[in-house]
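Below: the structure, in structure tokens.
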């Protein structure tokens, strides 16, 4: 009973957050609404006793992705976006149609065919188990990902360095 | 010095716009009602416009409608930290109009007062400067404790702590009370001990070093060309001190050295002041040892009415060369009265020093210039 | 950026020493504690602020011997201070006052003759800056600086305009707040007065002498005249 | 949900919500008093029992401050985003309070009347979660959002600059913070706060190991930055940005920010105590379980005192130095520390000689690395010699 109430509350919050994120013209408001959605999602994960996933959801989506979005928005010129031009009001119909089409043709069959467990209590995914899984069968994947991320990091450093060097040369010329 | 290169900013790929911040007149670290119109690229200062005049109170015109003596208390209020040296510069100028012999004791007391003022100014400046760096007032509190002791001495001698109004044309208003010299010696003797602690707290702190070294560098050439004086000029590597050059008063009788820097950055300006305090203590000790008994006022006319003449009197104030330019026309009032304020002239290079630095550095650089808005705006 | 040097730690040692030292060494303290001061006894002048606990509230200390706040007018005692007021309403201070905060009107008797005292003597202490120029220019030692500073008032306009009655203080009061200065001033005044009296005496004597001489000369002349007359008569 | 469970949940949470906000009041007093003493002032000493002249060392000051804050006018600037301006301080407080439940403060001793309730309490306590430490970091990260929200919603350039600084700083310092905690997690093999604390029973505190010491120092520095404490208080840099992101806040909203900041100070000091200082471990805990809470709070307060002490001593870093310090110094060092910890773990430390050797080698490596990293950064600053003209 309590679980069901919690589920519905979280679900409503999540959907409302997502809707507000799409509808709001003010980009910052949109991002914060999106984060409310993420937080509600983390709550849903907790309800499923997937506490590690919930923590990662908060850590990655709110702590990293959200902040990244905010940074990106702050770098754009029109932050508030409180004029009508920032999101075109027309064309909502086609957007809705596209969304429904995607849902019907791609996601609905996937959901129908998925083998959902009857009860949430049957799974006990502990952090330790997850760690073992990551280090045992999926270790190659993990290492490849780590390599990729390292390469990306070095690439980012190189890009930033290059810009700085160019800047220095430019200023020397000037 | 990096000029504001707007093209560079535009070329940088991302089209970013500049953020204009109007720092002041109500900003905690503009040292009064001073405004800096800063253009920021991110946190980097690309343009800066100092705006002052909020505290303008017509000092110079006012003086032309007042007798020479009546203007003396107004000079206190120019640089309200250093009323004694302000008085001295004005007295020096007026004494140039009328030949007055200043008695020996008065000359010694003038030196003592001026050097105590220098201690007051430098010690609190260092406190404010470190406050601008972000220390939560701890050095400032230590500085103010020492300043209080000196201000107590001033109050005892002149009756007021800050607006001393103590110098007169041809001497001083009154002699110091009995026992004052002993108390002054006590304060002076304790001062190096305090300076040791102060230096230990500040001079080797890595954060202060990295915040101030290489920041706001003022080149020797620019410093000379812009007419910078005082510790700021000496920090840029010019050992120019009016106490040595003019040897006004009786400064030629004292042994003291003039510290000077090489780089001309904020750290040099800060350290030159720290070192100058020790030299001031040396002068004070010599002056307190050598002070004779005797008269305190020379034979000044009861009504000060100089013959037509022009005169410029200057002293090495704690902030730089403080000069008073007077034209007398034979009446008891000056025909023209002009102040050469070291704060204002030192402030003129603010933009040159701040460009290309971070906004946090702009505050630090302003703090290292050592301005008092009462003097800048007059 | 480096924290490897010891600068930060030596700084922290200094602050720790001050932290501990402030509990044991009262000389370190920047501020004074007046919380032990008896309630309801607000000090009225700077001298009344004691420096340490246990020190009694006193009227004066030598520290404030020269301390100045706003001017006051001196009188030489007596039941009616206006009779003994030193001010002669010469208005020199009014002219010399840098912020022009003094306002004086001369006093006249019913015949319209100037009696040497002010009818109105106002000082606007919202303007006064306590510079003591008026004290220096006064040739009659009638205006000196008071050290009373608890002058706050709820009335911005009238409350800050001190009138003659507020400004009048006896010479004894002056002696109490600025003993050394007052003594020196009295000595100087006595010397000047003596000199003046001596001068006056000398002048009077000279005048007397002159008068005597004149009288004598007149008498002689008269005598001569008389003798002349007699001679004439005799001739 | 049974009645016992509700009671258990209440016992597990209410003490947290009661202790820490009241400790907040005490800490503001402590901070003012300690800073004052560092600056040779007396600090608050007047406000004590109302209507009397009993000073009580100024202990009434926080209450007086709170009353003042409550009655102050709540000013919202024109053009500000009213909703976000209101939400930001609340959002600052929520995660700060939330993370407190991941500190292993075991209140089960309160349920003296029923063993089963005590057992329930043990089950519902937040730190009993498997990933308590991860949760801690995740929820601390939300703080960043509130700071940004406040900075953006105020529509003030100083606030915005402060908000941007705060985001950059908090994200950067989260990495060394987590990486230095990883060392401990790696050694214990658990993310559970209780297990981490239990692994240090009997003075086996991790701070007494070479890698633990290094990690503790890194963690503490990063924690200072994470809670915007001096010398990393750039988002609220008074001399540059007036008050940074809460420039436009007044009254109770300001108080909420203040509260949130102090609670996160408690939280992060508490985590430091758990990770490196043995949690509630201390003499006499075995006999009296409530002593664990006392010891835990004592450790938190000693860390907070160091924070206050630093605040009274140090000036502020500049924003580029701050970032360079995080990315070029703390981050490589904390990664290296993980390696050092791994090696130290596998070397048998049976006798004293081996122990000392491990200490020397580990700290030597870390110190050399720190020196090297230091040399890599731009021209080193050092005190100068000055010349005198005669």
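For reference, chains read A, B, C and D in written order, and residue numbers begin at 1 within each chain.
Criterion: a residue touches a chain if its C-beta (ideal position, glycine included) is under 8 Å from a C-beta of that chain, and two chains touch if they have at least 3 such contacts.
Bear in mind that the values here come from a model prediction, so they are computed numbers and not experimental data.
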item: Chain pair with more C-beta contacts, B-C versus A-D; value: B-C
item: Innermost chain, where centres are averages of C-alpha coordinates; value: B
item: Subunit A and subunit B: spacing of chain centres that average the CA atoms, whole Å; value: 58
item: For subunit A paired with subunit C, centre-to-centre distance based on mean C-alpha positions, whole Å; value: 81
item: Subunit A and subunit D, separation of their C-alpha mean positions in angstrom; value: 28
item: Inter-chain centre distance, subunit B versus subunit C - centres from mean C-alpha coordinates, in Å; value: 33
item: Subunit D residues counted as touching two or more neighbouring chains; value: 38-41, 312-314, 317, 321, 381-382
item: Shared-contact residues (touching 2 or more other chains) in subunit B; value: 138, 141-142, 145, 201, 203-210
item: For subunit A, residues contacting two or more additional chains; value: none
item: Subunit C partner contacts - residues on subunit D that touch it in the complex; value: 34, 37-42, 45-46, 53, 55, 309-310, 312-314, 317, 321, 324-325, 328-329, 370-371, 374, 377, 380-382
item: Touching residues (chain side subunit A, partner subunit D) in the complex; value: 2, 28-29, 32, 35, 51-52, 54-56, 58-59, 62-64, 66-67, 70-71, 74, 79, 126-128
item: Touching residues on subunit B, where the partner in the complex is subunit D; value: 19-21, 27-29, 43, 130-138, 141-142, 145, 201, 203-211, 213-214, 239, 241, 244, 257-263, 267-268, 271-272, 275, 358-361, 363
item: In the complex with subunit D, residue positions of subunit C that touch it; value: 1-2, 4-5, 8, 11-12, 14-16, 18-19, 21-23, 28-31, 33, 35, 39
item: Touch list for subunit C against partner subunit B, complex; value: 1-8, 10-11, 13-15, 18, 28-30, 62-68, 96-98, 129-133, 136-137, 145, 180-181
